[in-house]
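Per-chain numbering from 1; labels A, B, C, D and E assigned in written order.
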Amino acid sequence: GSDQDQQTESDEEKGELQEELKVASWSQHITEQTNLLVDEEKSFFREQGIDLTVIPGQGGGDAIKNILTGKADVAFTDPGSLFFALDKGEDLRVIYNIYPQNVFNVVALKESGITKPADLKGKKIGVYSLSSGTRQNLLILLNQVGLTEDDVDIVETGLLNFAPLMQGKVDATAATDTGLFIGKQKSLGEVNVMEVKDHLNFPSDLFVVTEDVFQQKKGQLQKFLTGYRNSAAWMMKSPEEAAKLAQEYTTDGKDIENNMEIIKLRNKSSVSSLTEKKGLGTIDTEKLQRAADTYKQLDLIDKSLNMEEVVNTELLPAK
Amino acid sequence: MKYVRIYSFLLFGFLLVTWEFIAGFMSELVLPAPSVVVFTLWDGLRTGYLLPHIWRTTTEVLLGLAYGGGLGFILGLLMGENEFLRRLFYPYVIASQAVPKLALAPLFVLWFDFGITSKVVITALICFFPLLENTATAIQYIDPKKMELFKVLQATRLQTLIRLKIPTGLPSILAGVRVAVVLAVVGAVVGEFIGASEGLGAMIIASQGMMDTPLMFAILIVLTLMGMILYQTVHLIEKLLLKHYKEDGL
Amino acid sequence: MKYVRIYSFLLFGFLLVTWEFIAGFMSELVLPAPSVVVFTLWDGLRTGYLLPHIWRTTTEVLLGLAYGGGLGFILGLLMGENEFLRRLFYPYVIASQAVPKLALAPLFVLWFDFGITSKVVITALICFFPLLENTATAIQYIDPKKMELFKVLQATRLQTLIRLKIPTGLPSILAGVRVAVVLAVVGAVVGEFIGASEGLGAMIIASQGMMDTPLMFAILIVLTLMGMILYQTVHLIEKLLLKHYKEDGL
Amino acid sequence: MSYLTVDHVSYSYEGIENVVQDVEWKIPKGEFHCLVGKSGCGKSTLLKMVAGLLKPNRGEVYLADQKVVEPSAETGYVFQSPTLLEWKSVLENVLLPISLKKKTSKQDYDDALSLLNIIGLKRYADTYPSNLSGGQQSRVAIARALIRKPTMLFLDEPFAALDAITREGLQEDLLKICKTYQTTVLFITHDIAEAIYLSDRVAVMEKGKIIYNLKVDLKKPRTVEMRYKPYFNEMGLKLRKALKGGL
Amino acid sequence: MSYLTVDHVSYSYEGIENVVQDVEWKIPKGEFHCLVGKSGCGKSTLLKMVAGLLKPNRGEVYLADQKVVEPSAETGYVFQSPTLLEWKSVLENVLLPISLKKKTSKQDYDDALSLLNIIGLKRYADTYPSNLSGGQQSRVAIARALIRKPTMLFLDEPFAALDAITREGLQEDLLKICKTYQTTVLFITHDIAEAIYLSDRVAVMEKGKIIYNLKVDLKKPRTVEMRYKPYFNEMGLKLRKALKGGL
């Protein structure tokens, strides 16, 4: 309908062919994804001939469902959700490593004396919700020191997860780097932080596509990845500008100072020694494999997954 | 009318078949086939896996209904009777309804606890409004002749309420109860979305986290059945109470 | 009655002061003081930060109300009139209500889209039930003498419905509308929880993500006001329509 | 040839048998028949059946040779209780039968006002029923039955709530209207004098059966003097006797 | 000494002025007074005011020397329309006034049944009001007003829906009951003969004013023959004249 008309109109203006591409995100439009959201302003994707739409969602599962039903072409999702979908027999491809660093952590108040994962035994630990990455990563952390879900008391706290911690209603809470930053802003006080990446560092988010889309839209996907890489590079180079744009283009980017810090954190998690070498987005298949094996070990999934078959690097432009 | 069962059955069958058919084209993650869902449900019941959750949610629904329904009815009576109270407190009643409980849920957990209380409070808060509104409305529109009768018989205000206004308003009040019982189920589940590790709402979240859509649908079926059983119970009670009200002359 | 405004004001003031007082002992994260909340709200309005979200949610609420209310009213009429339809479709109506909409989110996005449609559908789905239930109930309990009158005047079924049953059932139907408008606000917000980047529901999620409780409260206040304005509008319409119904003889 | 033919009808309510038993009745076109009988004997039930509101268990009813299965457009009916719509003004209530058939015209409006004038309620046209006295309400119900100028009128104690003077005035008006439009009338009353004064024929009902049937041989138009004639008294006594318990 | 004293009362409804105008009335203990008047003249309004249901705009009402501000436990009231509770059986409807005051006893129950017997509805005790004929319903309303053995009775056309025979029977019963319990009665009727037969005094109302007041000098207890005495006819004519339009 009218979308189409507008489309052709702007095509004519630009005098080049714009191809539509939809990315389904695990979240709403948030500051840490500013680079994905500012195409109107910065044209990272339009320069590549891609007309990008970002579809919001609630959780990595939504992102995957959206590509499975054809509502979107690319999913911006976490490895956990990828594993679950693969476990259910879906045919998916990983094409880009958005955040090679694991951003999850477990936070305890300084006075609690909890400093290492083993101290968590028998404690009450908060997670965002039973479907959240905080829970899965907490399990992984516990697993690394030989603990299971039964050794601790996991409670859901909702997004305000630091409030119960401050009130002493929980002994520790599972969170992410950005969550912890915001918590500290809200006078969380002195805390001990146990980073999951110190125990099992696997990527936090990936671009995932279905096999069908992968086969049919290779060219477009390639352009998209180039665009994304450029946008990520831009966000690293000029976080101030990104922080400012976030105010307009995101739902939560109210405060420019905070935006700046969050963007810096994400910039940090976008790089690893591997990406330094081979360029942004390079997929660390081995680490993904270890993560998948851990999920299997934790009984979160039934099948043994082979990441070699899932990961595809051919679309990623060389550095 | 006697064929309604047959048509009902046919319609149900048709819907099931359509669903099964459509599901054939879709990923199980998005729309599992009814056969798969029923199997999952059966499995969950057989192994007893679902039972504690069903039990927990049922408890919350019933407690929430008792408190919320009771409160809604009593407040409805007070506010229907007394314009002063109505004007004084109605803004707060509406506020309590217009606020999405899901947003308050994290705070409820902080204000109350992680246990059953916060869920019962949410359930009660959600289901008290239809009863309040219907009760308050019903007892305001009473045949003035009957009001005169009770006045001439020196009925006290309470007697007029209990012996005239409530009986006359019963159909409308019960319509409110029917809305309330169905909302109560939603209320309990929404309450369990946050801060629970047991109950069908928590199960939904967990199943979503694991992308186990068949399990989620199985739970939704349990919830639907729960709502229907509650609704039918009210319907039966109504049939008994309103034998002499049925006024449809057609 | 004329002092009700004063009391109302006093009560409001008292509640505010209490809240401010209690908030003094609490982290802003758990319970922000009203002064802080009002400042945040004012700031959000002044800078225009909240306006597009308010606009978006209002649109969804109004559209959802129009569709859901219309559907509920019409289905209520059909099901109140026709026992066959009632028995055939009621199970599905209840099912649609007992299922938590939040859980069905992915399906909604699949069937409709991630834009405004899915939120309008959810809003409509949530607010159609009270209207359906109240309408169906109201038009079933009609004075048999009036039914006889319309029969003797050879009124068609449709005329009897429009000229007798609906006018008689109006108080109860409007009670349903009042419940519906308030639920509509909740519906739109829940719809926006699913996956939206605009609207007050999305803002709530974002504010929680930012742990910005004052902002969340400011949004809840906006939502409350929205519910109250809608409720009051219905109330005004009711006053106009029901001038000759007011039967309270006290 | 009779206009209304009641052919051996019977009726039972659920649980109450033989409320009307095997009633036969013929009313020729333009005639005015009355039905009297003790309270609860089945008069209203018979009237509803004849008008097509209730379906006889046995027997049939014909109006102008058409079998009656539902109320017809030719009939006007006044119920035992006024049954007005509270949310409509008096005028709107009177116009209701017309407005259910078509858009009301200026003519209908004038007709309604002139009927309101006859029943003495013209100045209450814009009042709402709940502000009327009992007798005023029943008069509105009468006007409502007449507005469509029916060829067949069924009236169930229409004047019961009226004082002697108003009642007599309306009796005259009713007779005049019926004469003008050749209306056939079946009229239930508790007032024996009223029955004699108005009718060509009076029937007495007891326990669902017509037990007595009296032809009234008085000239038309009736005059007030007739009421005090011995023949009138005689008829009255006959009817009283029949009413009191068989012949 | 009068039992009921109506002291120059007036009443206006919103928008309708002077529905009752400056009415004065005294009813001595045990007397039976009737009020007649054209439809809409203000009878029901006056009765409601006297019973304490409406507050006079001017003037006052005293019952047994107590100022009437609200209905008292001493009074029974029959409304112009029966107004029964549809969800209660006939027996429960009759017992309503008692059950509002206390737990009903076996005695009350027997009283109710014997009243139902008097009004001829004993076998309908367990029926619901919607299954009764119009006249049957109004009889239930009468029984309901009598169940508490009031010392003061207000009746608003209680017999309007009844046939002559049933009506006469109930007139006798009413007179008997009133005599037994020394009940004071204010009775509205449209039937002039009924007014004369029942009352010690008949008042005629017009446009809210009492324009005529007639003492009935007939022996008590009344007998059927009295109805046909010339004195009876004479009274009737006087009242008719008053009703018809002033004296």
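Rule of thumb we're sticking to: contacts are C-beta pairs under 8 Å (C-beta built on N, C-alpha and C of every residue); 3 or more make two chains touch, one makes a residue touch a chain.
A quick note: this is a predicted structure, and the numbers were derived from the prediction, not measured.
Path length between chain B and chain E in the chain contact graph, taken as the least number of steps between touching chains: 1. Touching chain A and chain C at once are the following chains: B.
Most remote from chain D, judged by the distance between CA-atom centroids, is A. Annotation: A-B is the more contact-rich of the chain pairs A-B and C-D, by number of C-beta pairs in contact.
Look at where the CA atoms of chain A average out and do the same for chain B: the two points lie 38 Å apart. For the pair chain C and chain D, the distance between C-alpha centroids works out to 50 Å. Centre to centre, using the average C-alpha position, chain A and chain E are separated by 86 Å.
Of all residues in chain E, those touching 2 or more other chains are 81, 130, listed in ascending order. Multi-chain contact residues of chain C (touching two or more other chains): 30, 106, 110, 143-144, 148, 151, 193, 208, 245. Residue positions of chain A with contacts to 2 or more other chains are 61, 65, 69, 158-160, 163, 167. A complete list of chain pairs in contact reads A-B, A-C, B-C, B-E, C-D, D-E.
Chain B makes touch with chain E in their complex at residues 143, 145-146, 148-155, 159, 163-164, 167, 244-245.
Per the touch definition, chain B reaches chain C in the complex via residues 1, 4, 7-8, 11, 30-31, 83-84, 87-88, 91, 94-95, 97-104, 106-107, 110, 129-130, 133-134, 136-138, 140-144, 147-148, 151, 171-172, 174-176, 178-179, 182-183, 185-186, 189-190, 193, 201, 204, 208, 216, 220, 223-224, 226-228, 231, 245-250. For chain A in complex with chain B, the residues that touch the partner chain are 59, 61, 64-65, 68-69, 81, 84-85, 88-90, 129-132, 135-136, 154-160, 163-164, 167, 169, 300. Touching chain E in their complex are the following residues of chain D: 13, 15-16, 36-40, 43-44, 80-81, 131-136, 139, 156-157, 160-167, 190-192, 240, 243-244. Considering their complex, residues 26-30, 105-107, 109-110, 114, 193-197, 202, 205-206, 208-212 of chain B touch chain A.
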